[in-house]
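Next, two complexes with chain A in common: one pairs it with chain B, the other with chain C.
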Partner chain A sequence: MSKSKISTFQFFSMLFLTRLLTTFTYIPSYTKDIELSDLVVQAVLRYLICVVMMIPVYFLFKRNPDMNILDIVRNKWAKGGKILAVFYSAVLFYFTVTTVSRLDLFTGTIVFPETNVNYFLVFVILIGCYGAYLGIEALGRSAVLSVIPVTAALVFIIATLIGKIDFLNYTPVFYKGVLPVFKTALNAAGRTVELVMITLAIPVASGKKTKSFFIWIFLQALVTASLFFVEVGVMGNFTNTQLFPVHSLAALAKFSMFGRLDPIITGIWILCAFLKVSFLLYLQGDILHKEFENLSKKTILAGLGALSSVICLYIAGSVQRFTVVDNSLAKLIATALTATVIPAVMLVLNRRKKYE
Partner chain B sequence: MNKIIVAVVVIFAILFSFGGSEIYKNDISNRLIIQGIGIDKEDDGGYTVTLQAINTSTYSASVQESGSEETVKIYKVHGDTVYTAIKSVVSFEGKIPLYSQNRVIVIGKATALGGIEGVIDFFARDAHNGPSVYVALAENRADEILEAKNSGEVIADSIDDTIEAAQYNTGIFKLELYELVNRYRDSEACFAMPVLSLEEAEGQKIVQIKETALFCNAKLKSTLNGDETSMLNFLCGRVYNGEFSYKTDENEKVAMSIVNCNVYRTVKILDGTPHYTVKIKLSTDVAEIYNGIEKSLDRQRLEELSQYAENYLKTESEKLLSKLYEGEVCDAPGYSRLIFQKYPSVYRDNEENLNALMAKSRYSVEVEVKIRRVGHEFVKTL
Partner chain C sequence: MKNSWFKKRIEEITVQDEKSNKEKVRVSADLQKNKAYFKQQLGESFDVKYRDCTVSGHDFVFVMLDGMCDHLLITEQIMFPVINTDFSDTNGDSIVYKAADGVSASIDKSITSDIDKAISEMLSGNLVLMAQGAQFAVLFGVQSFAKRSPDEPGTENQERGSREGFVENFKDNIAMVRRRVRSPVFKIKTLEVGTTSKTRVCVCYMSDRTDGKLLDDVVERIKNAQLDIVAGSGFIQPFLDDKKASVFTCVGTTERPDVFTAKLSEGKVGIIVDGTPDALIVPHLFIENFHSLDDYLKRPYYAAFVRTLKIISFMFSVFLPGLYVAICTFHQEMIPETMVFGITSQESKTPLPIVAEALLIHLVYEIVREAGLRMPKAVGHAVSIVGALVIGESAVTAGIIAAPMLIVVGLTAVSSFVVSSLYEPVAVMRFTFIIIGGMVGIYGIMMGFAAVLVNMASLSPYNTPFMSPLSPTKIGAWRDLVMRESWVNMGKRRMEISKMK
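So, the complex of A and B:
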């Protein structure tokens, strides 16, 4: 892992913003099996699942606070470390591609529906590469600078919409049963790439990590649940007819001379996308550079940028391709393997070694 | 210097990335800025769509000075669907319609009678159509409403302002696009929307809100007059400001200005029959007492006035509930949702025929009116 250090506040601010992007860009087809009020329930449940998924990581890092998962594997099995490094990079690359593709879907549907946004897509990846090249300290500082205005804007939008809530829009909790709610929450937890980020990058954060993790989880659950509560109360079933309901919700937020507040959401969205893409690319660059030292970070980032651009441009051509790539099950498997199963296996192996 | 060059390159890259090679499409001079859309169903099954667009050429100073052109242009186009009709405007205007500034969707009566579900999809689907666009019904044809000339005023603007006034006027029931789509949540798809009519005044045609239309299964079913619309707003908990008036036994007309209104709706199922209770709590100011100038507002009289107000609101709202659920069978206030929330299994059993369940339900209204201020009356009383 890189020797650069950032504070836990910077680290979790970054995760807060990257996770916010996923919340803002959620698509109702992910939640089609549940009734509207269950959106709020699953918003809390998904973070409880995230906490459970992180239990092996907690115990693993308790014993090895300065090592990430790959360092721990490498200590035990050098060749395995290399294989896993490539695997982790592939998982992060997959999330990079789906993040950019979803941003492309948003931009091409909402912001410039009649324009070819391929240039924008490539530009986002380019600045993502540049952000990754600047390093974790720069990203950490950007996150801290961004988190305050983003949170303020979010609170402002929610506050202006509270008066529009119609309580008749809420549905009985678990109307279609508990299982669909749990499955939706599990899928949402599976899309939480931040768990993989923690597994790989928590050693770069200095400070009280466990406490910060729980504060992050709590705030994330609070923001997501509040947003969904307001969304369901204001828009009701209209939510399910919109590709990006959070953007439609922001279009209903009006305040004084500000006719519509959706441009604020668009701004937040692009800011969060920049941070997320940068951080994902940074982690990939860092992992691959360590394994393939003959390749410079610049070269690796350029290669990743070029490859992700080509793939994203291919996906951008059709929404059908996007639905194939942005697969909840694939993400769940990828996240569960990298953030839970591999750390759990390492934990068991380490404990056995200690016992022997 | 290098940093400046990099900054300039980045700015151009951003601009280019937003527009790309098709940046001309976003050029405002190539767009037809739509302010109002009217939809009329024709006998051939197609739709005539009337577009009221901003005449961008009037922004040039010379044209404004000469006053030779109207501020708006009207386009009437025909197509099999709303979308194909709107898009056909490109063929003779050479500009791409831009709906983000659209203020109102006016639906013709013929369209409403046949059901509006076919025409709404485009508006919910298109990203440029804002979810807060108002939806209204034309008393006859939608094109008549949008073609009305009113001292050069943009009719769509004036309709938008009039409907917006619902927050100050209980006699107007406003409906935004997202609310309309939301009402498709129930199998019966019942909702209400304002009815626009044309009135002749001093040689001009003025668009007014005449009444409120009731829809069931997304088809026009009936209308409510101004007083009934006020009651519908009360029953829906959508009264924020505005006024209401009533007569006392001594034939005095009393006008009350609403300061605050809270509505609580509950349902209980007793012996298989839903019993609804609506509690309306009002805080009001006495705005006017016609013929009342010689009487002082002592405590007893204030109690009398609030009692009259309570009786009036209770009687009128119960009358409307009876009309809606026993007569028209239209769940415009959305009360079937209360059964859905509290008794999901009962809702599930009756989901396909909610109106029948609502028709056999019992309704009672309790009203509490508090008089907050009486104007300068205390000068006289003291």
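So, the complex of A and C:
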């Protein structure tokens, strides 16, 4: 990782916003196996799973506070570090593509259903590359500046919807059993690329990392659970018929003479998307630059931007292609490997070395 | 890039300033030789005056620039004592030393053996005295030229506070600051910039609070500034700015000595350039654009109110036209029912799409503004009337522009003048957001906003983040952010820019 240091507040603000994007853009097909009220339960459960998944990372960084996972691997096995760097970059690239494609799915189906929005997609990647080029300090500071208006807008929208909650919409909890809820929560945890981000970038954050991590987890669970609670209460079964339920929920919000507050939520969404794409590209650029020093960061980012644009343009406009790419199992495997399994293996290897 | 086509085209029509490697020329013992050298360097310029005289058998020459010296001072305080001095028992270099000693102590004087320095000082308004047989020249500080009185600066009007503003003469400007800081901690470093103009640049700071690294960095940047002529402080500004490309500047400007002093008291470095009333201050933070001297002279609650107004105005001036275009083009559902019919009926009568209409009317507004600014004041009013009544009213009556659009332009124009220091970035961003809003609606505007935000966040002049104390968050500095604490509390502990890192 580069030497630039940001505060834990900046780092976790960034993660808060990137995670918020995933919450806003969840698609009901991910949660089709559970009842409506279980949405709220799994929102909490998924973050508990995230905590469990981060246990190896916690112990690993406790021993090597200034190194990320790749540095630790590189110390042990230089060639392996190179291979893993490419693997981590590929995982992050995959998440970048799915993030942009989901945004394209939204703009192509909800915002401009009758217009070709490919240029918007390229625009998003271009701005993301620019953000990545400016570096983690700029992104961290932007996140802090964005987190307050984003949270305020979110609270405002939730507040305008509270009056519309119908308590008859809430079904009994665990109506279909505990297992489907756990499976859904596990799937959601698998989609949490922020765990990979922590594994790769936590050394650049200075401050109380463990405490900040738990505050982040708590706030994220609170926001997600609150949003789902309002969504279920206001929309009921209507939730499962929408491609992007949170957007539909915002469309029902009304304040004074102003109706349809969905552009506000979409605005937040776009801001979060920018940060997520930028941060993902930044991490890829940083990792690859370290391994291939003869390539400048600018060149790597341009290459990544071009490649992701081509792939996203190929996916654009086809829900089938998007469904194939945005595969829950693939994401779960990728996240578990990079954020849990590899750190756990390194932890074991490090311990063994210590005993020897 | 080194041998790029464009670079070659630039090289075809430009000349690189080269540092002079000329050897130092000493003042000669032969007075005629010195005069000849002066004439060779200065040509037949009518304003260079040579006054020859012989005292006690020794030949002297006074050289001065007409219009830049105080003649009365020269006659009474320099020529009169020199002419009345007895040089009969003096020879060689001691002649000029004796001449210098005889002159009143209130006059600045220095002695040099470098004839080029003597010429340079003479061109700055000093009087040069040379004598036959002496290998030195005496320089007397007798500058006097037509100058403006320190009136209230037109660009920074304040309700309360001093009515004094910086002038073109840097010595007067320094004196204005000195009057406000009667402490030895206020220090000045004088540098010379410009291969040809040799403009004096004063770097001002307070030694007890200015970070040494910051000061060294500023001095180094000014020394390395490759310029031929320095016609204003704006020539030096880019050398002091952050290296990252941005529409925002990290160099503050002020024409007010009180503001300049206040900024120095925060540990910043001020730069006064001879010949220009705009002083520069580094580092300059984004939030400072919303602060003014009046905020500190009035009650804190009112300062907070005014600063909030400024922030809202800034937002209006950047985003309002773009948002209007985006909402009318893509998000009509956001417009309240009571307004939607009115806007639709008005906009449907105009021939242009909303985005083109917005671009056109804003372009017209910028033309009128620029014309009003450059024209003589009397004509400027006429231009404003033509702009407001003829173009505005007629365009609506003729059905070229819709009335709501005119309201948007009016509100934007007024708002943009509330924070005048940000006018340049605001004007450019406004057009950009109109185009983006017309192409991709609010989503595009949000993406553009994100790009601007990250650009601002990336600026870190002299290792001080431009967005500080908002991000990185320095809660302690929030006592003077939007809300301001009373001087009863603020006076106890002062703010220092080095703590914002």
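FYI, the second predicted complex is superposed on the first by the 355 of 356 C-alpha atoms of A that agree within 3 Å, B and C clash if a C-alpha of one lies under 4 Å from a C-alpha of the other, contacts with A are read in each partner's own complex, and residues count from 1 in each chain.
Throughout what follows, contacts are C-beta pairs under 8 Å (C-beta built on N, C-alpha and C of every residue); 3 or more make two chains touch, one makes a residue touch a chain.
Since we're looking at a predicted model, the values are computed, not measured.
By the touch criterion stated above, A:S7 is placed in contact with chain C alone, chain B being left untouched. Contacts of A:S296 after superposition on the shared chain: neither chain B nor chain C is touched. When the two structures are aligned on the shared chain, A:N75 is found in touch with neither chain B nor chain C. Contact with neither chain B nor chain C is seen for A:S318 once the two complexes are overlaid on the shared chain.
Look at A:F120: by the touch rule set out above, it reaches both chain B and chain C.
When the shared chain is aligned, no partner comes close enough to touch A:S206: not chain B, not chain C. Touch criterion met: A:T241 reaches chain B, while chain C stays clear of it. Taken together, the two complexes place residues 112, 117, 119-120, 123, 260 of chain A in contact with chain B and also with chain C.
Those residues of chain A that touch chain C in the shared complex are 7, 9-10, 107, 111-112, 117, 119-120, 123-124, 127, 130-131, 134-135, 137-142, 144-146, 257-260, 263, 266-267, 270-271, 274-275, 278. Taken in their complex, chain C has these residues touching chain A: 244, 330-331, 333-334, 336-338, 439-447, 449-451, 453-455, 457-458, 460, 465, 467, 470-473. By the touch criterion given at the top, residues 109-110, 112-120, 122-123, 126, 168-172, 175, 235-238, 241-242, 248, 251-252, 254, 260 of chain A touch chain B in their complex. The touching residues of chain B, when paired with chain A in their complex, are 13-14, 16-23, 25-26, 96, 124-128, 130-132, 178-179, 181-185, 334, 337-338, 340-341, 344.
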